[in-house]
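Structures incoming, each one as structure tokens.
One chain, subunit A, appears in both complexes that follow, with subunit B as partner in the first and subunit C in the second.
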Partner chain A sequence: MAQGQRFVGRSVGDRVILGCVILLAVVWLTPIAWVVILSFKSNSELMMTTGSAFRLPYTLKNYSDVLATSGVFHWFLNSVIVASGVTIATLILASLAGYGFARTQFPFRNTIFILVLLGLAIPEQAVIIARHQMFTDWKMHNTYTALILPGLSNAFGVFLMTQYFRSIPRDIDEAAMLDNASRFKVFWRVLLPLTIPAQATLGIFTFLGAWNDYLWPLISATKPEMFTLTIGIASTQTNFAQSEGLGFLMAQAVFAGLPVLIVYLFFQRYIVQAVAGAAIR
Partner chain B sequence: MKTLRTLLVASAALVGGATMALGADKTEISVARFFGACDADYGKVTDVSKADGECGIITAMINKFNADSPTTHVKVDIVEWPGYDQLTARIRSGEPPTISVMHESVISDYQSRGLLEPLDDGLKAVGVDTSDFTAAAKEGVTKDGKIYALPFDTHTWLWHINVNLFKKAGLVDGSGAPILPKSAAELLTQAKQFKEKTGKPYFIMVLANETAAYTRTFDTLLYQQGANFFADPTKVNFTSPEAKTALTLLKTLYDNGDTTKNEDYAATVTGFAAGEGGVMINGTWLVDNYIGESKKSGVALSDGYAVVPFPQLYANPKVWADGHSWVILKANLSDAQRKSAYEFLKFLWDNDFQWARTGHLPTSQKVITSAAFLDLPFRKALAPLSQNGTALPAGVKRQFGVQDIEGEEVGAGMRGDKDIDTALASAQDRINKLLANAK
Partner chain C sequence: MTAAAARSTPLSRAATRGARIGPDWRNGLFVVPFLLVYLGMLIYPLFWGMWISLQEYDMFDQSATYAGLVNFKRLFGDAIFLGTVRNTFVFVLMTVPAFVIIGLGLALALNREGRTGATLRAVFFGASVLSVTIVTIIWKIMYLPDIGLLSHILGLFGIAPIPFLTSQSLALPAVAVTTVWWIIGLPMMLFLAALQQIPGELYEAAALDNAGRWRSLRSITLPSITRTFVVVVIYEIVAQFQLFGQALLLTRGGPNNTSRPIVLFIYETGFRDWNLGYAAAASEILFLLMAIAAMAQYIASRRREA
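After this line comes the complex of A and B, so read on.
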């Protein structure tokens, strides 16, 4: 009732915006719901018609097939190690770099910052052959190091953290320094805790990027024991999965997407805060 | 009692040690393949006759090999179809699999760079009779006079027919078999009649989100007219009258509404099962699925499915074809690994019939003429494709790239996005640029 009154009390503009948001949410969620529904249907039934999606029978076989795939839990573990490794290392490096660019003076600071930003304009595909060659020379393919290292050159992370540090009033640093705090202590104890929303955003985006990464693991992790979940699951698809193995394909998509969904659910507050904050700034 | 326990422990240790030693004696080779994973259904199956589908049959075959071979263990590296980016990366990083599955149309790319072992002597040594290869298979795996792969199947372009709709259209003979066109003119007449009688298009074609289907149909029409569009393997010629005739026919079918439009691969597969049209042009790999569907009651294909090679509309009965094959990558293989690799290839060759149950055509003449194969549904009609199946000349490189460009341009011409001459010229120009850079 109270909620109904709250809605009635809104202006026409608010209601229009709310309606648009609901419409967008439906448009956004419909394909996801479709994927989930199809994942509970048998492959043979879907091959003949997807019109049966809203009719019984439903089955859990696609999910049991995903779980019965030898290697799937190993691939999951590989993805956890790689995505966590990339995320933690990125947060450390981007925070340090962001603090450096925002708060310290050193020769060619602005030039170096621009060079870092130029990294945003270079697509991965443009450097991937050279990178593959480099890791070949180092004999590092099919290792966790090879999967983690390229993810650490994160220009967006450095930019985000620099902007966030810049938005924090310098008075705070100066007050801490007047209390005899060292520069590292100011960074570690005073400023870093204030950047948690930005860290959360960067962490989530980095984790998701690393989790969903396909191209680099495809050509670096070529042994099944080193596959990440994206590569491993793709390898299990039959040649005409889009028609002959549709239910299995959808179950794979749900299985691979669940960790991402969980990360969003846990950290959505920080994402909203940070994105809203970045927009205001 | 204590002595008995000691004896039991000692025996167990002996048996365990012996087992480990036996396992350790086996030479391990890695085999990279696509076809998917189906451990849940076939992970432990060693009776190949009980497996179905590409994934099931290859999984059971390798399980059987590992169970039976006293000397070799095959470690399977499953990759996403088609897997060539990964294979190239593995070769470049110095860690190629011992054996890999490979489309025959791709062999040139790897063979020309010296990445594949010639197999003539090795196959002969283990008793694979290469003179038993079918014509299509032999052409597919032979480059510069040497055999670079063990052919595993020939897959080609078929007409999957809804006989129930053909009956409704009055296009069946006295025995109830579909009447097929013998010329382009007959095809257009039949298509018109079909639409008038059933209200549905004659064809269900993959016209969206895929280029391969356009290329396979277009190439088939060129082969049937005798067009030698790759007389020089480094240059394509699409300015011939035959090319214009082929694309004009496709455009006419499209403009007349004789085919479904804007449907992708999956939509055509379900659309055919739902009775949306009379003929679906697609590959050998769907045969068993539709046979299964036709055995159900109350569905569009109930007791009304037939499959035939792409009908001969012009002077030749040739049809586009490709094939799966197995290659040995050049690497520092030990003698034992090489021996094991050939042992595995021989096993695959010996099981050619089992693989043919997928719907693909066998590559052994003995198998394709055997009663066991010909007794499988529709295989008598399909068997001539092992002779008529035609691939691009062995010297043509980047055949997957050629296929994509050709399909894009033929599609543009068929749909009317470009006029026919422009589309053909554009296809020729783009392909020749691609081939000029192919090393």
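After this line comes the complex of A and C, so read on.
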């Protein structure tokens, strides 16, 4: 990494640039820090002024309110179920299809693969009205199935896995084939373990995408008990004008954002690799 | 991710590979599970949506009658819809250059080894993992005229508080700033990945020729990442065309429709007014605009491979 580094060295210009970027990073973090600080302020104080943000008193009242009253735990659980469901099912479907397209022959294989690639150009908004009608006809809104199933039509995942299976040397599965292992056994025992880096990339993207998905859950989950975290917190934003709930709202945002940020800090290295990996492909 | 995807697809290679053991229809079973979901959740609703866009829906009993292109004709005379198209284009013009310039600048500055670089990369990418709901809460509190941090900062310079989100000229730029803050990490990472692909020997050769920092930036770095440049531009155009959550949660499209994007129009027409035919017609126009951008991406990637 950092190949331009060797000849540039640590010149004065380099330090100035680094200083500017550090300053920009502080600017980038400021909005988050501001909300975290204000979330420890009482609602009545927030009503009057935020000038006292850096002075005592601070309070945990907003956080205890969040824990006591809002559906935030339930929504969090819904988000975990939906995002995990989408991720696991996507990994299974995309791995099977990727192996099929990359390593086997069947009638119309290339035509079907091109049709799948065309799916990359179809935005969710172009299908969302008909999709909503479908689930209405099936009376399946406000179910986990409705929240998970549409997320599985992920053409990008199939593309990524197909490319990855193609990059594995053929000698590996041919040796196994000579040993008379069945196709599925070769896929499952021999090739799948080799695709773990691609699984990680696709898994991280899929999970983050599903966790932060907004449009589809907004129109499909209309009952509060089926809200995902994203939709649930958005629903409490609607009475934002009544600013007596401002501290509560901020505490809720911190409460909901913190787990994701912690997971991000833990897996930061892998997430960065995943993004870079998908970019090079 | 359309960007990364459409770039490299040696379809012709697929024909020659995988031939050793011979075709067998049963091999198709590997792709059947995905195909079922793909057809059911994407292709079928795509065509059904086109059909819906040709229907006129009765507001009261939701009965539909075939109406041909009536919805499309109405859209082209609908000042609110045309306004959303304009807003969406303006939003794309505000955000995409920012994504490219800031993203590339950060990538150039942070293409370094060691902990400082890694920490800074983590900071700029970090906001991308937050959901749109949390991001909009954070920025609403930044923008609020009475308690917002921006008002405090303006106050230090003796400037009166500005109601960013309720100002006709500032609402859309405010949504754009929020968006850039939120997802600058992805273009930065894409550029970083490209920079790290440049062979170090090129820079060593340039150093031997006594080329300065600017020279090597202009004659080595930038030419080497043209492909990523194109990918980022087109990917961001497609992505920012789909502006929705930030606008809905920050401004509700207001004031006076000045920050309402196409997708918010589709959402409100379809799922608040339940005028499905009209909303579907608007979504087909969005689809067409995005297909043009995707086509441009495909052509750009082909030209590179030729």
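The rule is simple: the second predicted complex is superposed on the first by the 168 of 281 C-alpha atoms of A that agree within 3 Å, B and C clash if a C-alpha of one lies under 4 Å from a C-alpha of the other, contacts with A are read in each partner's own complex, and residues count from 1 in each chain.
The criterion applied here is as follows: a residue touches a chain if its C-beta (ideal position, glycine included) is under 8 Å from a C-beta of that chain, and two chains touch if they have at least 3 such contacts.
Only a predicted model underlies this, so the values are computations on that prediction, with no experimental measurement involved.
A.B. asks: Looking at A:H132 after the superposition, I want to know if it touches subunit B, subunit C, both of them or none. Which is it: first, second, both, neither?
C.D. replies: Touch partners of A:H132: subunit B and subunit C.
A.B. asks: Per the overlay, which chain contacts more subunit A residues, subunit B or subunit C?
C.D. replies: If we count touched residues of subunit A for both partners, the winner is C.
A.B. asks: When the two structures are overlaid on chain A, which partner does A:P169 contact: first (subunit B), second (subunit C), both, or neither?
C.D. replies: neither
A.B. asks: For A:D65, is the partner it touches subunit B (first), subunit C (second), both, or none of the two (neither)?
C.D. replies: Only subunit B; A:D65 stays clear of subunit C.
A.B. asks: Please indicate which partner A:G245 is in contact with in the superposed arrangement: first for subunit B, second for subunit C, both, or neither.
C.D. replies: Only subunit B is touched by A:G245; subunit C is not.
A.B. asks: Kindly classify A:K223 by the partners it touches after superposition: subunit B alone (first), subunit C alone (second), both, or neither?
C.D. replies: In the superposition, A:K223 contacts subunit B only.
A.B. asks: Which of the two partners, first being subunit B and second being subunit C, lies in contact with A:S153: first, second, both, or neither?
C.D. replies: second
A.B. asks: Let me test your reading of the model: by the given contact rule, A:Q237 touches which partner, first (subunit B), second (subunit C), both or neither?
C.D. replies: both
A.B. asks: Once the structures are superposed on A, label A:P57 by its partner contacts, choosing first (subunit B), second (subunit C), both or neither.
C.D. replies: So A:P57 meets neither subunit B nor subunit C here.
A.B. asks: If you stack the two complexes on chain A, which partner ends up touching A:P193: first (subunit B), second (subunit C), both, or neither?
C.D. replies: Once the two structures are laid over each other on A, A:P193 reaches no partner at all.
A.B. asks: Do any residues of subunit A touch both subunit B and subunit C, and if so, which are they?
C.D. replies: Correct list for subunit A: 46, 49-50, 132-133, 218-219, 231, 234, 237, 240, 246.
A.B. asks: Which residues of subunit A touch subunit C once you look at their complex with the stated criterion?
C.D. replies: Of all residues in subunit A, those touching subunit C are 1-8, 13, 17-18, 20-22, 24-25, 28-32, 34-35, 38, 46, 49-51, 92-94, 96-97, 99-107, 109-110, 112-114, 116-117, 119-134, 149-150, 152-153, 155-156, 158-160, 163, 166, 170, 174, 177, 183, 187, 205, 208, 211-212, 214-215, 218-219, 229-231, 233-234, 237, 240, 246, 249-250, 252-253, 256-257, 260-261, 263-265, 268, 271-272, 275-276, 278-281.
A.B. asks: Within the complex, which stretch of subunit B touches subunit A?
C.D. replies: Of all residues in subunit B, those touching subunit A are 34-41, 43, 53-55, 77-81, 85-86, 89-90, 92-95, 264-266, 269-270, 273-274, 285, 289, 292-293, 299.
A.B. asks: Which part of subunit C faces subunit A closely enough to touch in the complex?
C.D. replies: Within the complex, subunit C touches subunit A at residues 1-2, 4-6, 8-9, 11, 13-15, 17-31, 33-35, 37-38, 40-46, 48-49, 51-52, 106, 109-113, 116-117, 120-127, 129-134, 136-142, 147, 149, 152, 181, 186, 189-190, 192-200, 203-204, 206-207, 213, 216, 221, 228, 238, 241-242, 244-245, 249, 263, 266-267, 270-271, 276, 279-280, 283-284, 286-287, 290-291, 294.
A.B. asks: Show me the residue ranges of subunit A that touch subunit B in the complex, using the header's touch definition.
C.D. replies: 44, 46-50, 61, 64-65, 68-70, 132-133, 135-136, 141-142, 218-220, 222-224, 231, 234-246
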